[in-house]
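Residue numbering begins at 1 within each chain, and the chains themselves are lettered A, B, C, D and E in the order written.
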Amino acid sequence: QQKTLYVAGYGGSFEKTIRDEVIPGFEQSNGVKVEYVAGNSTDTLAKLQAQKGNQQIDVAIVDDGPMYQAIQLGFCGKIEGLPADLYEAARFKDDRAVGIGLVATGLMYNTKVFAEKGWAPPTSWNDLKDPKYQKQIVIPPINNTYGLHTLLMLARMNGGSEANVDTGFKIIKTDINSNVLAYEPSPGKMTELFQSGQAVLAVWGTGRVQSFANTGFPVDFVYPKEGAATLLTSACPITKPNASPLASAFIKMLLEPKTQLVLLKDYGYGPVLKSVVVPPELGKMAPIGERAAKLYTPDWVIINDKREEWTKRWNREVER
Amino acid sequence: MAATADTRDGRAPWALTAPALMLFVGVLVIPLAMTVMLSFHDWGQYKGIEPVFILKNWREIATDPYYAEMFWRTFRIALLTTLITAMFGAPEAYILNRMSGRWKSFFLLVILGPLLISVVARTLGWALLFGGNNGLVNKLLMSLGLIGSPLPFMFTETGMVIALAHVMMPFMVLSVWTALQRLDPQIENAALSLGAGSFTIIRRIVLPQIMPGVLSGAIIVFSLSASAFATPAIIGGRRLKVAATLAYDEFLNTLDWPLGAAVAVLLLVALVLIVVGSNALIERRYAEVFR
Amino acid sequence: MSFLELDRVAKQFGPQTVVDDFSLTVGKGEFVSFLGPSGCGKTTTLQMIAGFLDPSRGAIRLEGRDLTAMQPAKRGLGVVFQSYALFPHMTAAENVAFGLEMRRVPRAECRERVRAALEMVGLAGYEERYPRRMSGGQQQRVALARALVIRPSVLLLDEPLSNLDAKLREDMQIELRQIQRNLGTTTILVTHDQNEAMSLSDRIVVMNQGCIEQIGTPQETYERPASAFVSQFLGKTNDLAATIDLSATPRRLAAGSWSVPAPAGIAGPVTVSIRPERIGFGDAGIAAKIVTRIFQGNHWLFQCESECGPVIVIRQNDGQPQPAEGEAVRLAWRPEDMSLRGAGGVA
Amino acid sequence: MRTNGPLALIFHTIFVVAMLAPIVVVCLVAFTPEGYLSLPTTSFSLRWFRKIASYPEFVHAFWVSLGLGALSSLVALLFAVPAALAIARYSFRGRDAIAALFLSPLMIPHVVLGIAFLRFFTAIGMGGSFTGLLVAHVVVVFPFALRLTLAAATGMDRSVEMAAVSLGAGGWTLFRRVTLPLILPGVISGWALAFIQSFDDLTMTVFLATPGTETLPVRMFLYIQDNIDPLVTSVSASVIAITMTALILLDRFYGLDRVLAGKSDPGR
Amino acid sequence: MSFLELDRVAKQFGPQTVVDDFSLTVGKGEFVSFLGPSGCGKTTTLQMIAGFLDPSRGAIRLEGRDLTAMQPAKRGLGVVFQSYALFPHMTAAENVAFGLEMRRVPRAECRERVRAALEMVGLAGYEERYPRRMSGGQQQRVALARALVIRPSVLLLDEPLSNLDAKLREDMQIELRQIQRNLGTTTILVTHDQNEAMSLSDRIVVMNQGCIEQIGTPQETYERPASAFVSQFLGKTNDLAATIDLSATPRRLAAGSWSVPAPAGIAGPVTVSIRPERIGFGDAGIAAKIVTRIFQGNHWLFQCESECGPVIVIRQNDGQPQPAEGEAVRLAWRPEDMSLRGAGGVA
């Protein structure tokens, strides 16, 4: 009897990549059927919670924020034998999950509109305050890692820290809020707002901007001079009775250099392995090499502690 | 007059509703009961859902004016949407019903059109028409000099109501149309001969008779609008949350299901009260039509 | 003066012509009835006059103005529909009040007139009843009250009394006649009841298959029918086969053992028409046997088998003993009571 | 018969234009030659329609949606029609409560329903099955079938049914030959709305769909995870085109007005 | 043999008692008519017999078995509804065929019987017509054909001919009578038309306000009415105030200038009832003046103002000259044609 391995992950081109490049090989070498359960991070997490104690999913691929929640809620098992040349930033506590791709949070802007209007490309997080962008900025909300990063960066630039984000809230509320068209977490919606010309500037990640630019739409990514934050796409094996050892095997396959390069090419993910050599034509936006080294990695231990409170505050103060 | 004799009436309605009741008890009541239970559970960032019985969530909803604001907006939008669909949908159904056979079915289908394409694509259409400076309608109106700056549509309550009314319209039109099928055209002629104008005929003669249809449409539209998620989320955005988007947020982003469940249960209870109340009110007001 | 004028009106439903070449002039205050077999186009014509159906051809003029140019609501019509067409969601009183409200009659007057109208049709006490909870005849009376209460200048009545018993029907007929006289209401009545048509109308329009067969006063149409159809349709008629015997001098009209001097101008086989109420039982006349004898209250109806074929006879129920079924009788009538038709037409 | 006046026709035109405008825009976008959402200005292109072919899962998802919609709305009708007749005709104790229960799926946000069903089905071991998805859809579309049938059945002329009974029709025959044809406009409308509602549902289905049973909206939703592009519009346009073709064929071979207005005499 | 039995049946709608204490036994093959004013409960009673309404009290038995225990579909009834109740979604032929299909009559036979039934009601050629496209009378005839075609053992007819013209109506009456005779169908007819009731029925049930006033043969009810109501309701009656003069010997009954020897056993003021068709114009009798003269085809109706009050007179249209309006006449009748009522009852 053939076993089935359920892998939950993003839909869209990510799904296509995994289906085309990873799954066939894996099925062949392990004699197993892989079912891909597509869904965005929150959907996957909700499914994990709903099926708690009776999990169907074996491997979950989600953003780092939700991954921390998943770990906290005890959904993730331990991965044995992770490669040694993993960037430190891609590691999770106790190896309960692992980053499979590196993304930087920065600014995206519409190059065509900027050129037409004679605006200089943005360079700083402070550009979000510029009144000329009135109702033309999109920032993902706080329950999305990009939004959280925005808050953190603004706080840090103004003397705050993970432990104290008051200044961040204050700036968003007073200086930025009026410029924001929408706090939009959905990538599809984000691209639509750009394509319909309603938004020209946004906070987003390199992976997303790369694939958006790949469609031919005139956008570019900016690493703000104050620094960009790291976001990890991560994977973990799900704890369940008689968990399949193949779950870890599947995750490790995602970390193989060949897969890492595919993810970089198709999806703009910076590799998480130091040893991966990036061909120059692939690395225009992604955080690799020096850019990767300069990234700021937030302290999730502190953040997780405060996140519930920040969310409430964000909902009531910013999005109102 | 009952077709079957009065004595046999006792069992007949139960026999007829039994299959549906069994279905509902089997697969809806239990999940709903589980959801109600859920709303009394505790939740924490680290511990997840704790199956204890506390009133924390309900207390929070009751005391934090944030929730009142969301619910107030939800019902305001649902009511406006219902009024708009009734105001435009009922006359349209009436006009449709007076068209000749082929046109009638053609336009009926045209009106069903919005439902055939997914919310995502549909709201995309709205964005292209009204979104920002590049929206077609806005461009047109601005080039005609009718408006100075683009009409705000996306991320406004007006936009939400219009987009909701657009999707909900078929529900109203079809419900009213169904009721119109039963009308005897001679009755309108009778009113005409007594000196009633078109408007009076519609108001005094047609409307009361199609009240079951309008009521059905209104109930569907009101309930759907108040519990709609996609349209408010896409058109309204996160800054104009309604009960459903609030519940969505708690369920999917925060993972605080007990709180989300409390919001949903409250919405359900409020809607049931409103719908059953207005249903009874209208059935009583137009008692003779409903028998 | 021609108040209402129908000028070669025709109506088609699809390929079928249902009313054809219908021309009629109705004077102000006149009472005209449409009589004709079921399906002959009476309702259709009435609906065209009311403006609910558009004529396929021809014109309808009210006081000289084309009807189609007038708003139906402005025509001042009172209509009673064959199917009543009551407003099901209104009580009897509300139904009747509707037309008054449309005319902005003051509340108090309105209430009083509704009361009076319902009382007139014998429905006092039924004000609050909904149509669905009334009997057929009660609904019909509400429909009548609703049309009359607005004192229309033209009344169009489509079988308005078909579900009423004889007594009530007569009361209503008297009511109708009075209203029509007092208010000068021009009235068009569609009815299948000849007595009703005859006792109420100034003129009767006899229709057949969408066409007018005859227009005339009740007595004209009954006593001098313009066609065989009219004579058969109005009342009963016996048609007997007879021959005019040219060999005899003077010429004689003979049927069986019966014969009378023949009128001039016709010869050969003829049809003798004679109304059943003009036939008497006597000692002379054609021989017949009574097949059935039907009691009809104020008269008796006899179906006889005579030597010239079946004959029906009507005799007033004057309390005298009547011939029994199976009895042999002789049937006789006055020569002036019969009419003769040759191969083709009326003599 | 009275026809529509000019005012009514103007109203109708505006109404139809407003209903169609967003859809027409979407269909136009489907013909863009560009890689992103834009109205084609100079040239039309079918590239986004061709692209559908390279996503067989869209086609598969379309069939799943079609099957699920047809099946669930049909099953819902089987339950809803008798219930609607009972509610329309009898006043019995608990009638209002039952009616409210039957309408309740309309009143709960679908996210909540989705998760409630997922928990429930997982608990009873039906998680991830097509049956589970079907049952959930039946429940969710049930109110439409119920309400529209109800609108047709209230105030129906009962003497017609009595006539049928007197002629010897009982039970099922009475229903099939007389009652059903009389309420048919409502039943068909109810079916149409139920079908469309099932066909269109995303928020609940996301939780219940498993690989292989993903519906078209779920597929499209997943597709626009990273990027929205004109493929969404070309798929929508195709759905519309398919629907219209089906309806035109139906009209040709059966007559739409017969379906929509019931079999009774069309011209009155 | 009592085939159908109603035993003290009553029906209430809410607080209102619409039929009360209704007892009737109908034999197999009998033809019974219900006559009564509009709203007296005829339809309600019929519907109870059909099993569409449950009696509030009392029992209905068919061949000794309680009706409520029988499925309505199994009772073998043919019903014509006052409102026709045609199936709007079926053509005329389909409507008529329905009952046959329910009885699994073979296809070919079914087609033939439908054709025959429609032809019988004069609707050959209307097979494919939908009810909404037919005239009122045509619809009614389809309803009749639908009920007759199944050759039911009991026929319940609620004003089945109310929208037909006299000619067609008579044809249908003959048809009905024949079917009833040939098949032995027990028939109950509700009608407002007395002639119809009298010419068709074996017995007539006269109802008033939910109660039975009289049950009897047509002639009984007409000639020997059990109450003032019956005598007024069936046909027309003149009620004249008169006195019995005890001072004269022999005692005389006098009204105005007219007087006849009085019968024994009654005294003081009395009411004299006399049918209008029994009154003749003569040289003697009470003095009167003709107010209106109404032509009614086979007879004339005279409304006279006599010295004893208004009197109506019916005279057969025998072609003789009739008194004109305004003419002074004398009215006379045979003593045996009148009936006397004292203060209270019938003498």
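As a convention for this text, a contact is a pair of C-beta atoms (placed from the backbone, for glycine too) under 8 Å apart; a residue touches a chain by one contact, two chains touch by 3 or more.
Treat the numbers as computed from the prediction; the structure is a model and nothing was measured.
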Subunit A and subunit D share contacts with B
Could you tell me the least number of steps, going only between chains that touch, from subunit A to subunit C? 2
Among the chains here, which has the CA centroid at the largest distance from subunit C's centroid? A
Tell me the chain pair with the top count of C-beta pairs in contact. B-D
So, what's the distance in Å between the C-alpha centres of subunit D and subunit C? 55
Whole-Å distance, subunit B centre to subunit D centre, using C-alpha means? 15
Could you tell me the distance, in whole angstrom, between the mean C-alpha positions of subunit C and subunit E? 20
Tell me, which residues of subunit C touch at least two other chains? 52, 83, 88
Residue numbers in subunit A touching two or more further chains are 43, 46, 188-189, 192, 196
At least two partner chains per residue is the criterion; list those residues in subunit B. 1-3, 120, 124, 128, 189, 192, 209, 251-252, 257, 289, 291
What part of subunit A is in contact with subunit D in the complex they form? 10-15, 35-40, 43, 46-47, 50-51, 54, 56, 186-189, 191-192, 195-196, 208, 211-212, 215-217, 267
How about subunit E: which of its residues touch subunit D in the complex? 50, 52, 71-75, 77-79, 81, 83, 85-89, 98-99, 102-103, 130-133, 143, 146-147, 150, 156
Considering the complex alone, what residue numbers of subunit A touch subunit B? 42-43, 45-46, 49, 52, 69, 72-74, 136, 141, 143-144, 181-185, 188-189, 192-193, 196-198, 304, 307-308, 311, 315-316, 319-320
What does subunit C use to touch subunit E in their complex? 13, 35-39, 42-44, 82-83, 122, 133-138, 140-141, 158-159, 162-169, 192-195, 198-199, 218-219, 222, 232-236, 275-278, 280, 294-299, 301, 314-319, 334, 336-337
The residues of subunit D that touch subunit E in their complex are 157, 159-160, 162-170, 173-174, 177-178, 181-182, 184, 262-265, 267-268
